[in-house]
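Listed next: structures, encoded as structure tokens.
Each of the next two complexes has chain A plus one more chain, namely chain B in the first and chain C in the second.
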Partner chain A sequence: MFQALARDICLYIRLIAMQVKAQLQYKVDLALDVLTSFLVTALEFATLLIYFVPFPTLLGWKVGEVALLGAVVSIGFGLAELFGGGIDNFEVIIRQGDFDRILLRPVTALMQVSTTQFRLRRFGRITQGLSAFGLALFFLRDAHLVWTPLKILVLCLGILSSALIFVSVLLLGATVCFWTVETTELTNILTYGGREMLSYPLTIYHQFMQRLFVFIVPLAFGTYIPVCYVLERALPFALPNWLAFSSPLIALLFALIALAFWRFGVHRYQSTGS
Partner chain B sequence: MTMIEAINLSKTFRVAKRRPGLLGGLRSIVDPEVRLVEAVRDLSLTVEPGEMIGLVGPNGAGKSTTIKMLTGILMPSAGKVRVAGFNPLHQRREMASHIGVVFGQRTQLWWDLPLIDSLRLLRHLYRVPEARHTANLKRLRELLELDEFIDTPVRQLSLGQRMRGDLTAALLHDPELLYLDEPTIGLDVVAKARIREFLLRINAERGTTILITTHDMDDVETLCPRLLIIDHGRKLYDGGLTEIRERFGGERVLLAVLDPAEVHALPHDASGQPHLADLPAGVHLAKSDGPRFWLSFGRNTMPAHELVAWLGARYQLKDVTFLEPEIEDVIRRIYEENLLLHELESIPQQA
Partner chain C sequence: MLRFYVEVARTAYRRQLIYRWANLAGLCTNVFFCLILSSVLIALYQARPTVGSYNLRDILSYSWATQAMIMVVLPFGWIDLMLTIRTGEVVTDLSKPCDFFCYWCSRELGRAFYFLLFRGLPTYLIGLLIFHVELGAGWSVWPAFLLSLTLGTVTGVVFRILMNLAAFWIIEARSIVGFGLTTAHFFAGSYLPLVFFPPWLATLAAWLPFTGMMNGPAEVFLGKLSGPTLLREILLQLAWILALIVIVRLLTKIATRRVVVQGG
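Let's turn to the complex of A and B:
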């Protein structure tokens, strides 16, 4: 079984590498793409912080703290866009009837779907996230924030987890295409909407939204909660501090649920033929 | 080992009926009216390795549905199927390495990449050892003459070139079984001939079992010693071409070339066509063109040699040829008149 997994990973890398090679052929185009992506996401980030022009704090959060939150969300979402591009684009595959061909190949269907649409320009958002991180540190320079290895660990785990959760949401959205052909707005609400919302402290939202992003689509575990840990703030719903380190496990669980739903979708496709 | 073994395959689709109008549309969401469509009914099929089979049937007959069940894309509603020893649905990935599929109307090649890139990529997708892949690619490049366009992006290829590319792509991993869905559709005469030659060759050299879905009767006549006719989801016929011709060929045609001087002396009817008097019962003049006369007669009306003798006694025969009914016409008759369907229905159900 692990041999099969290793082979799949090799194949994944190869397919991605091929697209990278193709995109690197047009260096100027790529540079412009990345730059544009960077500028657009930077603008989005700037609008986050505009709130702080007239107001000094947001429910007790200062500009540096919100910047940190926004940066973490950006990096996680950027990674998800980078690796989940093919999944996001699944509606095109279904609509054009190309899924049959995918089923005819001796490779896992999901693997094939996720290796399409790998776009280097998505590094624009990741770069923006990293820059925003730097900006956040600048804003926080007076805050006497103590950086410990644990805090760094929790942030890294959180970013990777939020990337996995975002990709899982994309997968859920793609699976719905088996029934509806087009991606529903529901997926966009959770991905783009989720990204926007989680760039602000979770506590500004109604209890319902807080519960949604902590217990149902646990994006908060990858973004808000690790940042709370770093800033030594209380976690929502009085959850214990160490729970911030559980983000990979929670992301994995959520991913497994999304995977199960995907398998169900493929099964349904094979029984109804469309 | 049998290549394909299908027993009583059936597939029933649930199709939601749309009610007309806005209110109807809304009602359909809450309370959908579903009707059952039997796309394939009790289809049984056995194919041995190395066979070449044509799958023929009118549009909507259930051919694509059958192929989808054989390739693991679709789950049968009933029945059993094994292909190359695998269960297509549950062992989809394992079986995929043993089959090749070419869709006439969709390509499996990467649209924006040069053809050679697609072919190289497939080596990794199918996990073909490098030496074997290189050898196969070289051979197929020669056989299909790919060199002139192998570096061109697929989107710029002509239909014939793309079809050759798709055939190469389907064969690079040495599949034991090849499915072709309308492989010659839209191609010019020369291209069609080349593809057919190629298919015969790989069947002879590699023993590749080939299943071709087609509407082109020339494909069937050139390539398929065995013919499967499917209509209304049922297998109507499974056998050779000659038998079909004999059973449903209806009429044969005798092409007689008479002496031009004699033709000139024949009585002509109102439209200026020469008229052959007193033709035997069941024989009629289908058309004439100068000294050539096409006489159509039922297979059971009179033996061919008797007709020749009859003609020879009255006229000077310069030449005589027998024309078999076009398989196209035969098949059309079968579709239109539901000939085989009637036969099938009159057979009592076996317990």
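Let's turn to the complex of A and C:
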């Protein structure tokens, strides 16, 4: 079993390396893509900062704290875009009938789908997230924030978990394509909308939305809750503090559910035929 | 010839009518994003009652108005013209017995009219239902608003054509167009209201063509501009349209001189 796993990982790395090599052929294009992606996401982040020109706080959150939240969301979402690009693009594979070909090959479908798109320009957003993180630390320099190893652990686990949950949402959306043949707006609202929403403290939203992103699509476990833990703020819905450590488990659980739904979809797949 | 362009606009309008479900889905996205923005704004306004001359209701009206204008003025990811350059289709468009620029302009204006009726109005109506946003500061602002919105739309169309022309030099100009449109959105007021800008950024915005696209019309709609300031805004919009048209015409001329049809 371990041998099979090792072989799969090897194959995954080779497929990604192939994509990377292909994109490195057009160096100027790539540089331009990464740069514009960085600038576009930086403008989004600038929006967040400009709110704090006329306003001192956002429901008690200071600029550095919101910036930290925005940075964490950006890095997590950037990673998800990088590794989940192929899944996000699944509607094209379905529509062009390429999925039939994928099913014929002796490698799991998900591995092939997820390696069809590995866009280096996604590093634009990740770089922006990292610089935003630095900026947030700069704003927080007077906040007497104590960094403990546990906090750093929670934050890193949180970012990885949020990336996994974002990818799982993409996978759920891709699975829906088996029936709808196109990415539904619901997927976009959960991913792009979720990213935008979670860049701000969860408490500013309607109770329904808060519950949605904590208990149903647990993105808050990868972003808002770890950041609350780091900033020593109360967790939403009076959840106990130690739950901040549970984010990888929750992300894993969500991913397994998404995976089960995907498997169900693959079994029910009927080719479009054309 | 004018009749031809009107017909082009009408065809573009009618073509858009087919995408009912896509439009409904897009409407959901517009509304969802504006709900997020509204939540942020409501939370921010807990800290102080007004910014400039904008109270919470003004700022919500502004946000829903700009959100309603997005698909009319500056649809995200508009690369239609760029794609014709990449596929070579542009050659047939260039050799048609009509003006290349006017052709695309009327085509986009037809689409803009569709989005005004079927995207902008519903979006704003939903804002009206949820937040009781402003219904225009009195009847007197409507003529000026419609004029300003028309000018803003034309500015948006010309700017988008300009960005797409980049494809004559760089085949994969998608990222450049994306960046240009995002910058335009940022300074037009659809990311956040321009009254929040710090003074230096507001000065910069005033020197760019983007404010007239959505911020101008929205301010007119809210009755923030009247008399001399209103006249100034309209003249500024006109000036930018002229300037952008000159640039587009010039670039098209240079570009068409070096168009080489790729066979196939």
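Heads up, the rule we're going with is that the second predicted complex is superposed on the first by the 269 of 274 C-alpha atoms of A that agree within 3 Å, B and C clash if a C-alpha of one lies under 4 Å from a C-alpha of the other, contacts with A are read in each partner's own complex, and residues count from 1 in each chain.
Definition applied: contacts are C-beta pairs under 8 Å (C-beta built on N, C-alpha and C of every residue); 3 or more make two chains touch, one makes a residue touch a chain.
Quick caveat: nothing in here was measured; it's all calculated off a predicted structure.
> Looking at the combined model built on chain A, do chain B and chain C fit side by side or clash?
fit
> Counting only touches as set out at the top, which of chain B and chain C does A:Thr148 meet: first, second, both, neither?
In the superposed model, A:Thr148 contacts neither chain B nor chain C.
> Looking at the overlay, what does A:Ser37 touch: chain B (first), chain C (second), both, or neither?
second
> Between chain B (first) and chain C (second), which, if any, makes contact with A:Thr108: first, second, both or neither?
A:Thr108 contacts chain B only, not chain C.
> Using C-alpha centres in the superposed arrangement, which angle lies between chain B and chain C as seen from chain A, in steps of 10 degrees?
90
> Is A:Gln270 touching the first partner chain B, the second partner chain C, both, or neither of them?
first
> Between chain B (first) and chain C (second), which, if any, makes contact with A:Gln25: first, second, both or neither?
The answer is neither, since A:Gln25 touches no partner chain.
> Just to be sure I read the superposition right, which of the two partners does A:Gln3 touch: chain B = first, chain C = second, or both, or neither?
Neither: A:Gln3 stays clear of chain B and chain C.
> Report for A:Gln207: first if it touches chain B alone, second if chain C alone, otherwise both or neither.
Neither: A:Gln207 stays clear of chain B and chain C.
> With both structures placed on chain A, which of the two partners, chain B or chain C, ends up touching more residues of chain A?
Of the two chains, more chain A residues are contacted by C.
> Rounded to the nearest Å, state the minimum C-alpha distance from chain B to chain C in the superposed three-chain model.
Shortest inter-chain C-alpha distance (chain B to chain C): 10 Å.
> Just to be sure I follow: which residues of chain A are touched by chain B in one complex and then by chain C in the other one?
In the superposed arrangement, which is not itself an observed complex, chain A uses no residue for both chain B and chain C.
> Per the contact definition, I'd like the list of chain C residues that touch chain A in the complex.
It is residues 25-26, 28-29, 32-33, 36, 39-40, 42-48, 51, 170, 172, 175-176, 178-179, 182-183, 186, 191-192, 195-198, 201 of chain C that touch chain A.
> Tell me, which parts of chain A touch chain C in their complex?
29, 32-33, 36-37, 39-40, 43-44, 46-47, 50-51, 53-59, 121, 184-185, 188-189, 193, 196-197, 200-201, 204-206
> Which of the residues in chain A end up touching chain B in this complex?
7, 11, 14-15, 18, 22, 97-98, 100-101, 103-108, 267, 270-273
> So in the complex, the part of chain B that touches chain A is made up of which residues?
11, 13-14, 65, 68, 71-75, 89, 92-94, 96-97, 99, 101, 103, 106, 108, 112-113, 117, 121, 124-127
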